[in-house]
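Which chain is which? They are A, B, C, D and E, in the order written, and residues in each are numbered from 1.
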């Protein structure tokens, strides 16, 4: 029982890492319909920004977190202006490909400039709580708490604020949004700024949690976050959270029962099964287009 | 019609002549083993890219699972050539292994196609990516084919002329398919699935067909690759491989076969040319890729086909696919 | 069939007529770029040292690296390019065994000696008589630690954690399992992860609950660092449970990542900084001076692999293929990673040292002879 | 003997009942109108007849066979073709390819034939091209056969959509607001065209239209739908003066013509 | 109020608008009629800033607006009911209407206008929570109109507002247009239904393949034989 609970907690904390990255993923997707393949790498850049903020600029942890978010927000805007904006009217897959290119660029440029060696990320003071034979650490709580808080804030922003309404309008019909007086460029920039800042927050928190940053650290979480986002219904913010948690708990479960070699296969298997039953993800509505 | 046939004949003859000339140059040493290897890789990527184009570009189904099909083809063909002691001459064994690899990959494509066809767009992409990964994990755990250590000692049957011929056959198959009513059915699914259905097109059947054919050639491609590098390793068939092939398809122009061919050749060349830059190699590659995409968002060729007509009609450099068969 | 003498390199960056060109097939990009970078640094250091002393056979040595993106197909093409275009006389590489296995048949057919620093799969050198290595092979290292666990640590229950994507990791794990069970021990848990994972809490919990005496983690320092860290700090492994590993652990990054969680655990290695070997000391000092960092095992192995080649050229007095091959086969070298002498399978016969981590530093524990 | 007959056809979306009492019949060769206020459920009814939506309950019999539960392509193959309220051409394909695609179900050569480019393939392809051009000629689109469909002016797109529907060789054609977006001049031409194709292809036609100048002039019978229910049924003359129809649909000011 | 001068618009190589000039006086209804593909939509899109002209000027209240981004043009008081409705399909009816008032801050005024819209189109009130994309064609047209009204425009550009509407609603739309005009909104109306358009408009321009071929008083044009021949369906008419 204790083991089960412990594994559940492990699964939830892994899932909240996925969720944290998936939130930004899904938001950017929801607004610009772009699978931002580079999202995981922005997360990596964020983690490095946090790392250098602490190591080189000697900032305290939370200041470093904010700094990393700021850096990535700016990076997100720049990246949108240079690599995505010119492709707004191009086939969607073109932007997807520049995202792949950006992902390659971030990874390899970091390898080139900083080296491929992993770097130890300074941890915040660790506190472990024990009860009923299970251990929970403050980092785990911090990540889960942040993910939930961000999910609620994001959901509120997108669904209930004027900016959020503008974002959704832009996602559905850019010309019509302009006719409403919405500044489409600013709205999309804003979306990328938020999405990238979220990725950075994830990068710093997760870097801190595992105590490591390295140039390829975004690849796997990026992929898993993508899966999580799709699982929950891509573009739907609470869906990313649900998807992340399901994925994390499923992976933990598979490993716990001794099939760790098949972990990723099972994770994808679950995804496919869920999609076959619910083709638009758990929270997605599968509305047939009205003709 | 006449002019069309004539042009096609010229293209076909040109392709054959090019193959023969290159092979002769390889034999007499003008093109050394390195060039032969690169040309062979280009041919393999032509097989992979055009077959993915059948699924992604022509039928409009966003698949990211091509590496998985290649893995199936590669491994099963290698089982034929290494684990079975067939008392046949090498070319025959190789031919059989290619067929078996292709057919089992096609079966995989069929099985994957069936349940996932309900999915649309990005959901299909992630599901196919998932299937590709599942296939890879299965090979990673299959001791019979070496699991994580990979399968080595595969005979090096592949040479330039094999790969080239297979690439030509693949292209012919896909072009002929595209130019038929069956191909048009696939294209109509890409354009508007609901309208296609109301035109009496069994969209499921054609989607599965595209997946199956695409997977077959991906399997053949994987088999050729395996017998070139004489080693199969699950890591070869990771998602990166699928993405790389997708890059070629998009870069060439979704739906354009000549585009896929050109992009496969171009990207293989670029990757080779940049090799010596070591750490900077992929940085430059990435920047180039972004640059090309920004410069030509619809791909090098858009949906059009590069055509010999430009020789006869100097006004148009590119001829729209809509003209074919007319 | 390729005349290698006098080396007439194709025109290229800072290569001149008469230089001795050594090729390198290394993962400079991709999943294991970190190992490629280390390996290149190791060889670059050697080449610099050798050229400072006037080169080999009075000729300047040039090291040309071709990136293989950590992939098999690229390794094969890189081998062709080095041999056909760059006219190298020998090749260092690749890092991963699967990559070496793709390059080896090409080197073998062209009769260009290839020495891998770090490919441990026995099959690599079985490709042919032109293929060599500087590293231990999997069976040796796996056996060393299994025996160490049984004899020195008196362990009867072991758990194994392997990287499912790494043939190195799985190879060592399998041998460990065989030897440990042959010694009368039982394997109580076998789990795996994949390179790139950062969260090991789940599998560590599984392992912990199986109550092993020792946990064998034959993987590289980048993941092992995280595993040790999480084992102690998150999962709360008791201090009595010892983690064991192979030469992949050898890197200062391990101690950075694991912190004090690395203390008290053991791994096998080629050398120990403690051992008063002048080669080791000289290498570490020079490496630190050049790169301002401590070398890892891959740097040392690549350094030695290149050294095997250069020493043999000097000895053979030529870069001619068959002579050079014979010289490498007969090489005897006081290398950084131990005394290297190759057996008939072209694998080095060298002793291993077992290192214990104390105060986040490597400390010599014992030597195990093959 | 009706060619198409529906009984108690119901369609609900969540809580909303879009169509509830939809009982109609069409005799072979008839040209029938379906009118009703916006949101009455006309398009929804079309969607059920063509299999795009599954009816919540009720029967649809076409040529004495139930087509409920059949896929849209099966229904098309049985002989019902349609156009869409919002034009759904294959925009990025040429005009002729649009028609050729519709011809697909009448193609007999196999995939193998096309790969090997057998005689059968070549012959049928030639036939398809000729047939398609013939269709285009009928609709005065032959001079634009190589144009992208999306580049045609609106009226021509409408015509092409009809041509494409007819290329499936249907027995029954459903037209959803064919005159929408056309000016009176073009509507007049369309009116003639619809009459003509019915004769020439021996068709039964059901059409939705808000342009009374068209409906009242071509239709033999008219069904009026309001809030999902058929509220009136009769000849144009009867419908024009039906007070319920005037109140729900036509308005006081009796339209032109 | 609005002056278009020597406007040229291209789509790639296609010269869609060929040196058009037109004027809309404050308080008037001006209609633009012409066959399919004449360029009516293009003119409206260019005024709104969705397309950019190659040469020529567009001034609104003596300000040159051609160089301004679309959202700023809208903020000056120009609203458009675009061709093809262009409602936000995944949003509710209510949200669509709210977006119409995106640039406004006067809550009371917005509320007031919302009621006015529901007054004119009670069907929208019935469907207030429904996803706009699932509305019937005509309902969507009403929504597009309602949405434009929510911005309280000074100049309203209407692109075929009666398309796809039932006769009853067509009458309603036209009376709405008239009402709006009487309340002070200036209107530029593009219509296929030239009859109706000419009957409510003050001024009219007739467009043919990118050029203005006729212009003048709407009533006069309505009775001119050329117009009735080409745009009013010839034989049928009053």
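We adopt the following convention: a residue touches a chain if its C-beta (ideal position, glycine included) is under 8 Å from a C-beta of that chain, and two chains touch if they have at least 3 such contacts.
Fair warning: this is a prediction, and the values are worked out from it, not measured in the lab.
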Path length in steps (a step moves to a chain that is touched) from chain A to chain E: 1
Greatest separation from chain E - chain, by CA centre: C
From chain A, the most remote chain by mean C-alpha position: D
Intercentroid distance (Cα basis), chain B paired with chain A, Å: 32
Where chain C and chain D are represented by their mean Cα positions, the distance between them in whole Å: 72
Chain centre separation (chain B, chain C; CA means) in Å: 36
Separation of chain D from chain E, taking each centre as the mean of its C-alpha atoms, in whole Å: 30
For chain A, residues contacting two or more additional chains: 108, 111, 261, 264, 291
Junction residues of chain B, two or more chains touched: 140-141, 194, 279, 281-282
Multi-chain contact residues (two or more partners), chain C: 29, 31, 33, 37, 164
Chain-chain contacts as defined at top: A-B, A-C, A-D, A-E, B-C, B-D, D-E
Interface residues, chain A side, partner chain C - complex: 3, 6-7, 10-11, 13-14, 17, 108, 111, 115-120, 126, 128, 135, 137, 206, 210-212, 214-217, 219-221, 251-252, 255-256, 258, 260-261, 263-264
Contact set on chain B toward chain D in their complex: 1, 172-173, 176-177, 179-185, 187-188, 191-192, 194-203, 209, 303, 320, 322-323, 325-326
Complex interface listing, chain E residues touching chain A: 48-50, 69-71, 74-75, 79-80, 82, 86-91, 95, 98-100, 102-103, 131, 133-134, 147, 151
Complex contacts: residues of chain D adjacent to chain B: 50-52, 71-73, 76-77, 81-82, 84, 88-94, 96-97, 100-105, 107, 109, 111, 113-117, 121, 124-126, 128-129, 145-146, 148, 164, 168
In the complex with chain E, residue positions of chain D that touch it: 13, 16, 35-41, 43, 85-86, 153-156, 177, 180-188, 210, 212-213, 248-251, 253, 255-257
